[in-house]
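Look for chain A in each of the two complexes below; its partner is chain B in the first and chain C in the second.
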Partner chain A sequence: MLLIAQGRLDFGAADEFQRQLEQALAGAGASPAMLIVDCAALDYVSSAGLRTFLLAAKTAQRAGIGFALCALQPAVREVFDVSGFSRIMAVLADRASALAQAPQPPA
Partner chain B sequence: MRASRAVATAQDAELDTRGAVAPLTHEAPAPLIGSPLLRAAHTARSALRVRAEALLRPDRRFGNAFENLILALIVLSVASVIVESTPGLPAWTKPVFHIEELIVVAVFSFEYLLRIAAAKRIRDFIFSFQGAVDLIAIAPFFLAGIDTRAVRALRLLRLLRVLKLQTRILENTVTERTHELAEKNASLARAHAQLNAELEVARALQVAILPSSFPVKPGCDGAARMIPATTMGGDFYDFIELPDGRIGLVMADVSGKGVPAAFFMAVARTNLRERAVHHAEPGVCLAQTNEVLCAQNPMDLFVTVFYCVFDPVTGVLKYANGGHNPPYVRRADGSVEALRGRGGLVLGAMPGIEYPEHTVQLLPGDRLVLFTDGITEAFNPADEAYGEERLIAEVRTHGDGAAAALVERICRSVTVFAGSAPQSDDITLTVLRWDTPR
Partner chain C sequence: MNERRTSVPSEAAQLPALTQFLQEFWSAAALPPAQALSFELALEEIFMNVVMHGSHPGTVPRVEVSLVLTDGDVTMTLEDDGPEFDPLSLPRPDVEASLGDRPIGGLGVFLVRQMMDAVSYQRVGARNQLRMSKRIEGPEERADSPSATDGRLA
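Coming up: the complex of A and B.
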């Protein structure tokens, strides 16, 4: 399943985004084998935004669902690098490489 | 009791202001004599009005009983008008109806006078629908007396008391709803005020538990400032005096906002402080604090922490970074560099994480600048971020003086930049100055 994130993910947007991530992970009927979040149009992530990704990664791991982010803008990638999040979740260069491989859930 | 008194006072005041206006229009020629008298009359009138209004309130015991009495009398009197007009009733019924009518009119008249007394504007009441109906309900009696020769039409007019029933039901519904609404609004306002007050207290506590002074060490000095955001954030800094003479410096930012973030901040700070006193190694302190935070984290929050231990004798700075923006070192020549070794995971996200330690040698005249993203991500009304370049420029240009001066300089620069834009995140900054080696 592919989720496209767009705009600014700050404190105000975090709740709604988290709800959508949870919905995507729950899936319609059966849960998906993998969830990829395309961040090409994601302009900004605050710490509250990071938290939504962490929650989703944890949920995915518990459910045995693959979870990956792809196509991060440099500023957003920087936030993931500084916070160490890119070490605990799959952050891939673009959508093609994300779709090509099915990364294991973070250890 | 207290509540009703407060209401009465408010109404008095309201009426008094009207009283101050009224004499000017009516008694303008003789204000000196007229106004005190009028004022006294107004005061008496307002006291009467408040009392009458209180008597009529359906949510009080008297008002409620009175209301029920009136309802019963309306039904009774309408029924008896109908029964009375049927021919062939026994003679003894006549005085019974007579007495009943007397009681009904007496009570209705009392109610009419009470309503006039309670009215904010008497004229408005008299000419209102309810006022007219109330008058019609008693008028036939006063027009015809209890004279048995009374015009039949006038007596039948008493049937119009049915209207009284209708206005009463309508009025009651409206009064009830108005009261309910007022009460709900009041309790909402109270809850909101209480919440705001508690948030204020929490914010004050958040600032108050931060250290206000830097440990006294020869050759070095430090200063810090935290400007909390309007919605409560979770930044904190700390200065910890270690047993071996070194100083621990903490800069941290809890994810999220509000009371949960503040609680998490307090737990993180206390734990880190406790570990710092017992372990000299920053990496070990962060790893152990992370374990504690992961174990007690019902809200799945996390905190970015930069923790360093500075030796004011040798100038050696040992640090570990748990996902925080790297601090800057400003060298004596004005050059500014970010400390290497980033990418350690934030604390509270996942247990079993190790935090590598790094070391940097500070030289005399160097400054260490620790900050949170509340500075670099302070936005101005045009939605531009303050950014790292502006911060680096401030540090480079104004980093020569005392630590406190640079802290003030940067905070002012950020607030001027943000202008009227609301501060969405805590702004936190620490500067360490090291000047003379020993």
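Coming up: the complex of A and C.
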């Protein structure tokens, strides 16, 4: 299952994106169960956006679904690094490596 | 010196207008667009903090935002007339915790502290004042430029 994140993921956009993540996770049951979020077009993320990724990663871990982000722009990557999220989620260079790797849910 | 100032009620619906205010300051001062993001983030985090936590019941504080560019440093100040609250007193989140142990929330002010060079809080009369500043590097000093293939695989 692939979800595209794009534009500004700020306080105003977070609720809708969280719904998209929840829907994608609910539909990610096929084997191997996995959700990849492609962030190539994601320009901005705040703590409200990070919150949605954390909720999704926790849900995925509990459900045994692989969860990975890929193709983060440098400014978005910085926010993931500073918050420690790039250590608790699989953050991969591009969609191809995300698909190839099919990582296990992080411990 | 470039300086701009605006004032809005502390309502979530004002966030896009504040972001636009920041972006207009940024382009008027001819600053590198990529470096606006850390200020956009700080503005959202601190403003939303006031919106969510900074009012007496039944009142809507006003938030004043000012931006100043001096000698390559941008300083952004947010002042509100809500109850006294120092966001810098919030506990630092444990960014080393495992996924299962990471609490939801508590990251906003931490991100601001990390992304800015200096952050300070003062109670000034009946107002909270949070001042954030960061050195802005000129375009010629930027080491990295995005490669053409990065993240653009079909």
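Going forward, the second predicted complex is superposed on the first by the 102 of 107 C-alpha atoms of A that agree within 3 Å, B and C clash if a C-alpha of one lies under 4 Å from a C-alpha of the other, contacts with A are read in each partner's own complex, and residues count from 1 in each chain.
Here is the rule we use: a residue touches a chain if its C-beta (ideal position, glycine included) is under 8 Å from a C-beta of that chain, and two chains touch if they have at least 3 such contacts.
Only a predicted model underlies this, so the values are computations on that prediction, with no experimental measurement involved.
Contact with neither chain B nor chain C is seen for A:77 once the two complexes are overlaid on the shared chain.
In the superposition on chain A, A:48 makes contact with both chain B and chain C.
Touch counts on chain A: comparing chain C and chain B, the chain ahead is C.
Contacts of A:89 after superposition: chain C is touched, whereas chain B is not reached.
By the touch criterion defined above, A:58 reaches both chain B and chain C. By the touch criterion defined above, A:40 reaches chain C but does not reach chain B. In the superposition on chain A, the residues of chain A contacting both chain B and chain C are 10-11, 46-48, 50-51, 54-55, 58, 82-84, 87-88. For chain A in complex with chain C, the residues that touch the partner chain are 10-12, 39-40, 44, 46-48, 50-51, 54-55, 57-58, 61, 70-75, 78-79, 82-84, 87-89, 93-96, 106-107. Listed in rising order, the residues of chain B touching chain A in the complex are 231, 253-257, 300-302, 304, 322-326, 342-346, 349-350, 373, 377, 424-425. Against chain A, in their complex, chain C makes its touches with residues 12, 15-16, 19, 34, 37-38, 40-41, 44-45, 48, 95-100, 102, 104-105, 107-108, 110-111, 114-115, 144, 146, 150-153.
Taken together, the chain A residues at the contact with chain B in this complex read 10-11, 46-48, 50-51, 54-55, 58, 81-88.
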